[in-house]
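So that you can tell them apart, the chains are marked A, B and C in the order they are listed, and the count of residues begins at 1 in each.
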Amino acid sequence: MAELTLRRTRLPRLRLRPGRLGVTIATTVLVLAVAACLFAPLLWPLDQSAVNLARIRLAPSWAHPAGTDDLGRDVAHRTLYGLRVSLLVGAVAALVATVIGGIVGGIAGTLGGRVDRLLMRIVDTVAALPHLLLGIFIVAMLRPSLGAVILSVGLTHWLSTARIVRSELLSLRTRPFIDAAISGGAGRLRVLTRHLLPHVLPKLALATTLMVPHAVWHETALSFLGLGLPPHLASLGNMINDGQGSLLTGAWWASLMPGLVIVIVTLALAAVVARWRDRLDPRVRAELQL
Amino acid sequence: MVATAGEPDTLNPVLNFGVDGASLIFDGLVARDATNTLVPALAAELPAVSADGKTVTAKLRSGVSFHDGSPLTAADVVFTYQAVLDPKVDSTLRSDLDMLTTVTAPDPATVVFTLKYSYAPFLQRLTLGIVPAKALTGQDINKAGFNRQPIGTGPYKVESWTAGDRLVLAANDTYWGGKPANRKLIVAFVADDNVRAQRMRAGEFDAAELAPKLAAGFDNATGYTVQRVPTADYRGVMLPLTNPVTADPAVRKALAVGVDRAAMVTGILAGAGEPAFGPIPPTSEYADGSAAGNPSADPAAATALLDAAGWTPGPDGIRAKAGRQAAFTLMYPASDSLRKELALAVTADAKKVGIKVNPEGLTWDAIDTRITRDALLMGFGTPYDPDFVSYKLFGSVFAAQGYFNPGSYKSPIADKALQDGRDQADPAERKAAYATFQQQLAADAPWVFLTYLKHTYVVKAGITGVSPRVEAHEHDVANSLWWNINTWTRS
Amino acid sequence: MVRRRLLVAVPVLIATSIGMFLLGAASPIDPAKQYAGAAAFTATSENLDQIRANWGVDDPLPVQYARWVGNLLQGDLGWSTSRHEPVTAVLGARAGWTLLLVSTALAVVLVSSLVLGTLAAYRRGGLFDRGLRAAAYAVEAMPVFWLGLAAIAVFALSLGWLPAGGLTEVTATTTSAADVARHLILPVGVLAVSQAPWFLLFVRDSVAESLRDDHVLAAKARGLPGRTVLFGHALRTALLPFLTLIGTHLPELVGGAVLVETVFSLPGLGAVTVQAALGSDFPLLAAITLVTTAVVLTANLLTDLAYTAADPRVRLDG
């Protein structure tokens, strides 16, 4: 497996190095975004199917800060809900990916040996496939829908989690306190839940968080291609897709705001994670390809 | 040089290319003129129908030859129709020729069709392009090279077809209808609406089909004319009678008067359409004006209907009756943005009168499994004969059979009218039958018809000979504004 | 080593194809209705049943798989139900454009990231370095399709400098190189810009690191001119890991190409993949996925080979 170790250790560690101010801003942005998503239905409810044919394609103004779209819907309002939908789908999909990765990595790390080699070979294979293409294939075969999008993200993004869990378990196995627990008569399950899980969980949480922007991207790309969420639902990908049609009629604002929101939230997340990452030990960092 | 979004899958008429004629490459026994009236094409005169309506005899025009120079004979016509009827051939056209038993050629210039039952509009089915038997005999028609490099009798022959890009046609100088005025015709396939508009703007095309909103951008531009062609292409909401909410006639009628068709035409179609109230377009001689209603929404009438039927508003504004909310799901094909927009407009209008509609964007196969229970935004329509689509769409024998009559509409009066329209050869009696049908449909409202579309084209100024005719739902290379492009000239 | 890799590649391809087949079988989509398109609405169910029987799509799964593999080995990838032509013809007509798009974009990315990254590393901490890094992070956060729309809005619609899409002017009867080049500027540019950040930041970091390496410092101490040290020594050290980066980033480049082709309506594999997915065209989708996998595996092998050739200390089969 020399080529694998080689590839992994040589992978670039690109580092965003935000200053203190940067991290503060990023954290504020994220907290605001999440809060807005959580409380939007209470403060500013949106009827997903509301249209107003009398107010179509209005340019940005005080009444509609980001303009209105082809069906007279307020772009700013829908962007907020788009973020909500995209973050929710991203989070659930990242969770699915983590579960798949956790199971595969857990089996590989606990059993080791031949099973480990086989599973890691599969991981490397899937890593070599173009994610988006595979995702398109999965969605096409399962029909575009919410479930298919989540599954599509889950089935293409579990690799790094599997690697982290595996290597974490493998290294833990050699640690003295595990030996002590086993020789102290603790059962396999008890060792797993009491001693191994608490060590692995924080890393899993980080991996899941890191995956959220990827999952959001995957969702928006699929929705943009018309292979994602139901098209009347306000999601960032759907809105950019609709906005493409509005471009030529002069309504450039329809796709501007959803795109900007993706950029800002991704950057903020990257900055916050960069801070978190610096406190990690270098091995996990390498696995996460940071 | 013309541009369209709809690239055909095949250029073989047997496999559904240009079955309604005007395919530029092929001719049928008959064709349609600018008013969609049947005129003889490969037949010397309109085929003769026997008194019992079960035998149709066509005499072939003499001196017609295919692009490869071989002469057209009755054997080619027989081959074409038999290929359609052959179960080994993957042709969906077979369903339309259900009434056809045999096709024979008593002599090289005569073709005889024998029908199972008399079928008034049979001649309308003879627009199917004729293929040369020689080029296809003994081959697997489904995969023949012919499908991409066909040989016909039409004004243009195929020079090349680059899939996803363009179809290059060259004039057929020996065309029986006269030498085409244009030596070369390129049909560009540009799937993306925006790109097509952009390239039209750059002057790349002489004519292009554009989405209504984009075509509107050319209205004030010099050097272009915008053609808004009336069609029989309608959009409407199919309301299943098996669904407990939409089964109530009051709900259906309230929706029918509560939707703002005029706003849909201006807001969604950018003016390129007209309100629809039934499946027979106003341009048709069979249209019955009394079935039409008010193009604007009439919420007062809608609420009155619902109140009278016992649907009372709940605290959230949604009406309910006997503990059941006035709510139903409206499906639309997710990939069709026009139907999505119409579905959302219906949803918004319905909400104003206290009916809750849940729009759901799905793929066709997902729609398939639910089509007998949930409402669907459907589109159909052909201007040629009122029997064509409506017989199956509203006939009770076809109830719940796939896309035929998914909502299980059953009306003995409509059934009889549809059958009469099919059986009667006399135009006046047919007209009366279809008037009855339209009135019954308006009374029962199994569908809420929304709009007839106008297909919008932008044509460069200085082109003469453009002659729009009422178009069908399906139009691409064949049957578009350029149906007679072989006679267009540039000044 | 090549043989060992090939031995691995074959089971990988088999596993991928079986996986795809199972997914295709689990799919609720009716191929006959997909084929019929709009005509499915007027076709009778017996009509559609007959078409299904003609295709053998109701046969048991192993039979279908065996037939598919058998045809595959004879070079027949099947019949595309959405395009109505052989899959090989679809691939043949379109793969070239995708290859052109991806390889041109890759070349632009490589050259620009090497040059800009090295310059940034040389003056690290400077205004250029900071600006470049900020731009790289910002671009990395932009979805490539959004970037494409922005490029169309600015360069095609507002300024009118470049065409908004397509491959050639329709008036052109032949595909002239100059015409194609003009149409490819925006798509190649957008794909390159969207992929550049990773490469750029990587070059910058590793050149900056190697500038502190002993042999580079030694070269500097010997009094070699700055440019020689920078490009001759520091960059060369950084080049090796860069090669691996290309291999691992290829899948992402392919994904980007799918989106870029869709935005600019280029007649490439990416655009046809999306159409196939919308039309649930299993034979075409399966073939594209399989072929792309094979290409990516080959490319990985090639980068690894280049790596061993470039650095004899690395032995891949060790």
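FYI, a residue touches a chain if its C-beta (ideal position, glycine included) is under 8 Å from a C-beta of that chain, and two chains touch if they have at least 3 such contacts.
If you're wondering where the values come from, they're calculated on a predicted model, not measured in any experiment.
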Testing understanding: with touching defined as stated, what is the shape of the graph linking the protein chains, line, ring, star, complete or other?
complete
With centres defined as the mean of C-alpha atoms, identify the chain lying farthest from chain B.
A
Which chain is most central here if centres come from C-alpha coordinates alone?
C
Kindly indicate the chain pair that has more C-beta pairs in contact than all others.
A-C
Using the average of all C-alpha atoms in each chain as its centre, how far is it in Å between chain B and chain C?
40
Roughly how many whole angstrom separate the Cα centroids of chain A and chain C?
22
CA centre of chain A versus CA centre of chain B: separation in Å?
45
Which residues of chain C are in contact with two or more other chains?
28-29, 157, 278, 280
Quick check on chain B: which residues sit in contact with 2+ other chains?
194, 198, 335, 363, 365-366
Could you check chain A for residues that touch two or more other chains and list them?
143, 226, 244, 247-248
Interfacial residue positions of chain C with respect to chain B in the complex:
28-30, 33-45, 47-48, 50-51, 54, 79, 82-86, 89-90, 93-94, 156-157, 163-167, 169-171, 173, 264-265, 267, 271-272, 275, 278, 280
Show me the residue ranges of chain A that touch chain C in the complex, using the header's touch definition.
2-3, 6-7, 10-16, 121-122, 125, 127-134, 136-143, 217, 220-221, 224-227, 240, 243-244, 247-248, 252, 255, 259, 262-264, 266-267, 270
Flag every residue of chain A that touches chain B in the complex, lowest number first.
47, 49-54, 56, 70-72, 143-145, 226, 230-233, 242, 244-245, 247-249
Please output the residues of chain C touching chain A within their complex, sorted ascending.
8, 12, 15-16, 20, 23-24, 26-29, 137-138, 140-143, 145-146, 149-150, 152-153, 157, 198, 201-202, 205-206, 241, 244-245, 248, 250-252, 254-255, 258-259, 262-263, 273-274, 276-278, 280, 282, 285-286, 288-289, 292-293, 296-297, 300, 304, 314-318
Contacts from chain B onto chain C in the complex sit at residues 1, 3, 9-10, 15-16, 87-88, 90, 92-96, 98, 142-143, 147-148, 162-166, 168, 186, 188, 190-192, 194-195, 198-199, 202, 204-205, 335, 363-366, 368-369, 380, 389, 392, 401-403, 473-474
